[in-house]
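Paired with subunit B in one complex and with subunit C in the other, subunit A is shared by the two complexes that follow.
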Partner chain A sequence: MSMQPTFLITDLLFFALTIGLIAFVFMVRKRPHLSRPWSQVLKSTTGSVSLMILLFYYAIALIDSMHFHPRVAQATESQYQYSSEVHSLLDVLMAPMRSRMEKTFSAPLATHSFSKEMMQGEEGQLQRDYPRLNYGGAHLTQPEEQKAADIISVSLQASAQALFYWALIWLFILWLYSQRNNQSLVTLLANVLRAKTTYPLRAIAMTSAILMLLTVVSMQLGQHYHLFGTDKVGQDVFYQAVKSVRTGILIGVLTTLITLPLAILLGALAGFFRGWVDDVIQYIYTTLNSIPHVLLIAAAVLLLQVYMSGHADDFDSLTERADLRLLFLCLILGITSWTGLCRLLRAETFKLREMEYIQAAEAFGVSKFKILMRHVMPNFMHIVIISVVLDFSGLVLAEAVLSYINIGVDPSMNSWGNMINQARLEMARDPIVWWSLSAAFVFMFTLVLFANLFADVVRDALDPRVVRGEQ
Partner chain B sequence: MSAYIIRRMLYAIPILIGINLITFVLFFVVNSPDDMALMQLGSKHTTELQIEDWKRERGYHLPLLYNAEQSGFDALTETIFYQKSAKLFVFDFGSSDSGRDIGYDISQRMWPSLALAIPTLLVGLLVTITLALTIAFFRGTYIDYWAVIICVALISISSLFYIIGGQFLIGKLLKIVPISGFDTGLHALKFMILPVLIGIVGGIGSNTRWYRTIFLEEINKDYVRTARSKGLSEQLVLFKHVLRNALIPILTGVVVVLPLLFMGSLLTENFFGIPGLGSYTIDAINRQDFAIVRAMVFLGSVLYIIGLVLTDISYTLVDPRIRLS
Partner chain C sequence: MSLLVVNGLSTEIRGRAESNLVVSDISFQVERGETLALVGESGSGKSMTALSIARLLPPAARVSAGEIKLSGRDLMQISEREMRDFRGSKIAMIFQEPMNSLNPVLTIGDQIAECVRRHQSVTRLVARQQSIELLAAVGLPAPQRNIDEYPHQLSGGMRQRVMIAIALAAQPDLLIADEPTTALDVTIQAQVLDLLKDLQSQFNMGLLFITHDLAVVKQTADRIAVMHQGELVEHGTNEAFFASPKHAYSRALLEAIPTAQKRLQRDLEQDAKRVTEVTQLEGEAAVGPILSVRNLQVHFPIRGGVFRRAVDYVRAVDDVSFDLHAGKTLALVGESGCGKTTVGKAILQLLKSNQGSVLFQQHDLQSLNNEALRKTRRDLQIVFQDPYSSLNPRMLVGDILEEGMTALAVLKTAQDRKRKIKLLLDQVGLPADSVLRYPHEFSGGQRQRISIARALAVEPKLIVCDEPTSALDVSVQAQVLNLLIDLQAELGMSYLFITHDMAVVSYLADEVAVMHQGQIVEQGPTDQILLQPQHSYTQKLLAAVPSL
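The block that comes next holds the complex of A and B.
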């Protein structure tokens, strides 16, 4: 073992959530009445393509959540010393991008720095010029002439590689698929090409091709260049943007983890028992909802800062502190966002309570707790799922805004909000430093767009009020 | 009617008390004034005496709920709860941690906020309703399909990018209007155009999509079919029947945000340097001025509750079927 695994609190929660999700998928697959709407989601092109891209982001977040302390030295025969720094598996995969620091700004794929510096010329005289970068295109002897050709050849090679593996993988998948359905591979291929399969396999295959191309090409180019340039302290912007994926995804999913128990429990109780229980729960959520959310979050985060500055010794490392702040942010976002779902669930429980089957259960003497668990909750789960999927993108966007007002995640943590916040100060520069902003924009926009598209498909499939069929 | 309004107001009182208690607990119990003093003064080289002075200057030296040193009524009034929290009920905000009168600042700063928010809201409504109605007219066609996708794409763009992009494109590249700043009177106009425009564009995606759903719901109702079967043209049906009925949910949805317009927009005001309540709040957050944040939390909640009451009233005004009882 050349490393010592370590688990941050958010990692553990994230893993637990992932296992929960997998369990959910297996549960749904076994029950036809639950799997029908989901197979409708997968049959729609938008649905499966968005799901695929979301899973891609999710996988990056998952890889980035496997943390460890790297080994630095060998103390004795069997004992090693481990660095106090926390790295993740993603850091290993992107090692060159993480460690290759330039002095300051450099444009995407540049070989020279963005700003002029005093340098010693060939004859020893001082002159102001753009210095070569330490790493970006350092393997080129004549960067001006060779750069374009080098970039093209590297990208072409990488693309060819990516497409080759992609073709192999898809041939294998299709072969398996054809074996299972007793189809010949050729007819299946023809069907896929003409988009005549039950599930939109052609769209899925094309999405995976694009994802694979982007991944391989960016990783290959990243070996020798800074794909999205470097920021003020010379860090690779592409690396930052990829690292921010984890923050965005975690904010989206962990908040849900906090929202759901509150909303489900209180909503069901209020709708089921009515009377004073209902009054109290309504009072709680009306009060919470009345406070402007941004201000409540601001107040809570300010107080957290006060606490952390007073108890600085309680945290082993900066990473741990930033991690705790992320968790706290999810907590407070959860507290401000459960009220909407709770109100929906309360109203639904109100309706369900009057249904004959619940009255029958009551007449049979089934205990109230059991009625809630068995008969009420499963029947409003579609509302829960729809609301979770709908809220996800909003939370990712909220992170950026909150980080911009300095009440988001820790400033040391990679996040799109922090990237925008830092890049904004460079807007006044001339020529403008646009790459940090663009990178954050591209990564965030893709995630939020496909989350929104997916949410729409899920809502249409799960909501019984939406009339299905041809219009 | 008036009995209903009074009852609604009375119902708001326990909520306000709840909000007041939450802010009190958040700001004074979870974190003691000592913590705040340490935060402001820095934790190193700070003596007990300095902390005591800092607290005394701002009135945080009093006990939280009950002052045992005072007798009679003073035992309750000479406390942080009475001095800092209870006074919020009569909109006495006290002074900020840096010594300025918060009430005065708010009364000064709400005008730029309103000057920005009202045109954004009105023009925005006009634009989005027009767009949504047009899309509803073309329902079921490719125009509808792509319009919805464009709306989703617009929703997916962070509000930060609308502001940054707008500033860059119109302020810096085209140099039509100044990038940021503010002026008094009519001179403010040239500073307002860009933020208002960005506010409108930023809201187009979500509002158009929402209004489109409202229109489509309305279009499928029986009275619309009746109107068509009478032989009315599609335009007439849309404008005379659908639009008027769909305006009910749209306008009542607007009423709830009306009072909150005072609070201004945090991001826009901050980016454009407009001295409204939004940038006031952001500055307070960045300076960690707890007194201002506390005041704004309370003010925002009061305005929200007023908005809820107004919404209920407006329902009865526009829809005679709803009776308040």
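The block that comes next holds the complex of A and C.
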């Protein structure tokens, strides 16, 4: 075996979540009344396109969560030595970008460094000039003349490759689809082209074409160039941005998982039982809200750092420490951010508990717990979905703010927050170093935008009243 | 020249795929000093017609054809600026909900004066003086004081009077009243209708009166136009219409109104079927009442002070006693706020009572512990007023019907329950495939049938019906009432029927108890109460009911 798999805590949580999601999908598929709204989601163009893009992000995060220690040397016949470094599957796929370090900044697709250096000329004299990069466009002998042509030809080749595979895959999918529905492949193709299929296959195919093109072209170009340039210490920005996907998704998802049970349970209890239960819960969240969140987070993160430096032996690698810090950050972010949703849900439950269907359930002697589960919670789920998505974007952004005062994720961990934070210092440079910021922005923006679009469609589909355009 | 001429008016609502014609090719006129009643059930397009005339249609709707002339000017041709001057000075509107039509943060005076000053250039003082006169004209008890009050300080009837005062502020030529009395109690409805008539003759206005209530129409209208699915199906004078309605739909509307005579007819039709039932039920009745309520009191505390102590009580139900026999229907009648719904909920133990006893089959429900109460819940069920809020919108109809059976362990196996649900749907006349549908896919009447099926699922002996038909159209109301009567004949349940509608009472009640301010002022057999009311409040209530 050439590697030793290792599981970080967040990896395990992430895998558990993925298994949970898959189980949920299977459960929904078996029940017609549950699967109806979800097929509604898939039938809408916005819904299926944004789901695809979210899945793409999710897949990147998932691949990036498969960690291992690479093998370094063979000690004996049966014993291997493993590096203490932790790599992920994504690092393997993006192999050259990870290790190709330049000295310092370089612009996207550049062949020369961004800043001048003292160099020895051909005749041995000293001169200040832009040095060639170690890796970016290193295969070109005459970068000025060849670069444009090389980039275009690599892109074209990659595009052709991507489109070829895309066409093959889609022909196969459509063939399967036509077999299942007893349709001839030609009529199906015609229907897809005219967008006359039940599911928006044309939009899905086009989205996958775009994703495939972007992936293959950027991977191919990445072999020879720094697609989004390099940062201060010469790391590939594109690689950083892709690695940050996992951090962003984890912070959004794990924090939400911590927030939701607290907010839903306490909000529903406070609104439903009122009286002293309400007083206690209100007291808790008012107190929590009156402490500045940044203070709480800072205290918690510092506490963890003290603990980690006191128990240095418990951690095998830097990555493990960074990982624990990420988990802790999600935890503390979750604990500080449930209050808003809790308050909303409490108010909504106030309204719901006066509804006549709840009184009807009481007249049946249905237990309070069941009334909460069956009559109250499903009726405020739309609020939960909306606020979860808004919070998700907010959390990704909060991470950036926290990194600014050094209480965010570990500086060694790739995250959009760290990228923005580092780029912030370079905004004043002339000419401006814009690529770190833009790369982080583009990746973050795409994720947040499609998460919002998706939530809109899901909310409409899950609300039985909106489906038919009533009310 | 006619005051208002509507000629070939069509209004459509643009949908995603196609446009939906909600008013199609209708024509009518309104003269000065005349009342035209536009009658129809919900969704017939009568409100859309009114909004088209005032050019206040919602953004999705537009007038697609026809002309509307007010004193000879085509309202479709003038600019929005001119139209603004027309509204108020030429056309005024009164809406259904007096609670929502007034701005809660402005005083009554401000709101009337705003309208006065919009259409006449007068000083604040003069406007105030005019406002007081208007309030006096609409019969507010103390206009000098009322003018500085806020809407929440006035009752529903008073607020509707204020709305009328605002509508009259600029002395319009045409008053459009969109269901102005539907949200009001009968006694107040009678006052408001009288007021409208007086003011109409005083100001010589044309009145376009929109309503679903044929009894009100008979009292107020000079001419009647019946709308059905966007079309004008019949148009004629009041006398001619009620003497011999020509269109089949008009006749169906009239026939749907429950009255005592119709009950007798129905009884005759079902004589053979009922004779056996009745004798059987009377045998049971001799045993004793199934439900007897004694000296029931429900007081809601008004909390105040630092520790939220109860400083005073609202006496919602004050010393109420009555008996209900098995298989019979007792109607609890009264106006809004009289405490009749509270009685119903207290009987079901959904609300705690302060004093008195509720004896159900000789057991006092209030002394039961939780477990015993749960068992008794099987026998006591409730059907609510609003079919929209009484069904959980996120539960399938099948689950809604099953819930009670599971909670009370009526049927043990899932298969039995499924069979029962099928039977229930059949009993209330709904298709069997309703099980996998959500409540919103059904109309108001169908939802009320689901509510009834839900109550029936646990085979109760007594059902409290809390205004089960007041949110429904007349024709649907008739269906639901007949369903209730049929089910009673079939299953022998008792109904405690809470209602404000005398027509419904006469149609199905065996006995009547009249409630006023938390107390029962009179009770007895239906015929006796309706024909020879003894108490002054009952007399007043019956006199206020418009009749056909």
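Keep in mind that, in the parts below, the second predicted complex is superposed on the first by the 363 of 471 C-alpha atoms of A that agree within 3 Å, B and C clash if a C-alpha of one lies under 4 Å from a C-alpha of the other, contacts with A are read in each partner's own complex, and residues count from 1 in each chain.
In this section, a contact is a pair of C-beta atoms (placed from the backbone, for glycine too) under 8 Å apart; a residue touches a chain by one contact, two chains touch by 3 or more.
As the structure is a prediction and not an experimental result, all values here were calculated from the model.
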Contacts of A:378 with subunit B and subunit C, given as first, second, both or neither: second
First (subunit B), second (subunit C), both or neither touched by A:407: first
Which superposed partner A:359 touches (first subunit B, second subunit C, both, neither): second
Which superposed partner A:456 touches (first subunit B, second subunit C, both, neither): first
Subunit A: partner with more touched residues, subunit B or subunit C: B
Which of subunit B and subunit C A:370 touches, first, second, both or neither: second
First, second, both or neither for A:292, with subunit B first and subunit C second: first
Which superposed partner A:310 touches (first subunit B, second subunit C, both, neither): first
Subunit A-facing residues of subunit B, complex: 14-15, 18-19, 22-23, 26-27, 30-31, 35-36, 38-39, 43, 140, 152-153, 155-161, 164, 167-168, 172, 260, 263, 266-267, 270, 281-282, 285-286, 288, 290, 293-294, 296-297, 300-301, 304-305
Sites on subunit C touched by subunit A in the complex: 15-16, 345, 348, 350, 373-374, 377, 380-382, 384-386, 389-396, 400, 403-404, 407-408, 436, 438-441, 451, 454, 458
Residues on subunit A engaged by subunit C in the complex (per definition of touch): 32-33, 355-357, 359-367, 370, 374-375, 378-379, 381, 464-465, 468-470
In the complex, subunit A residues that touch subunit B: 283, 286-287, 289-292, 294-296, 298-300, 302-303, 305-307, 309-310, 312, 393, 397, 400-401, 404-407, 416, 420, 424, 427, 432, 437, 441, 444-445, 448-449, 451-453, 456, 471
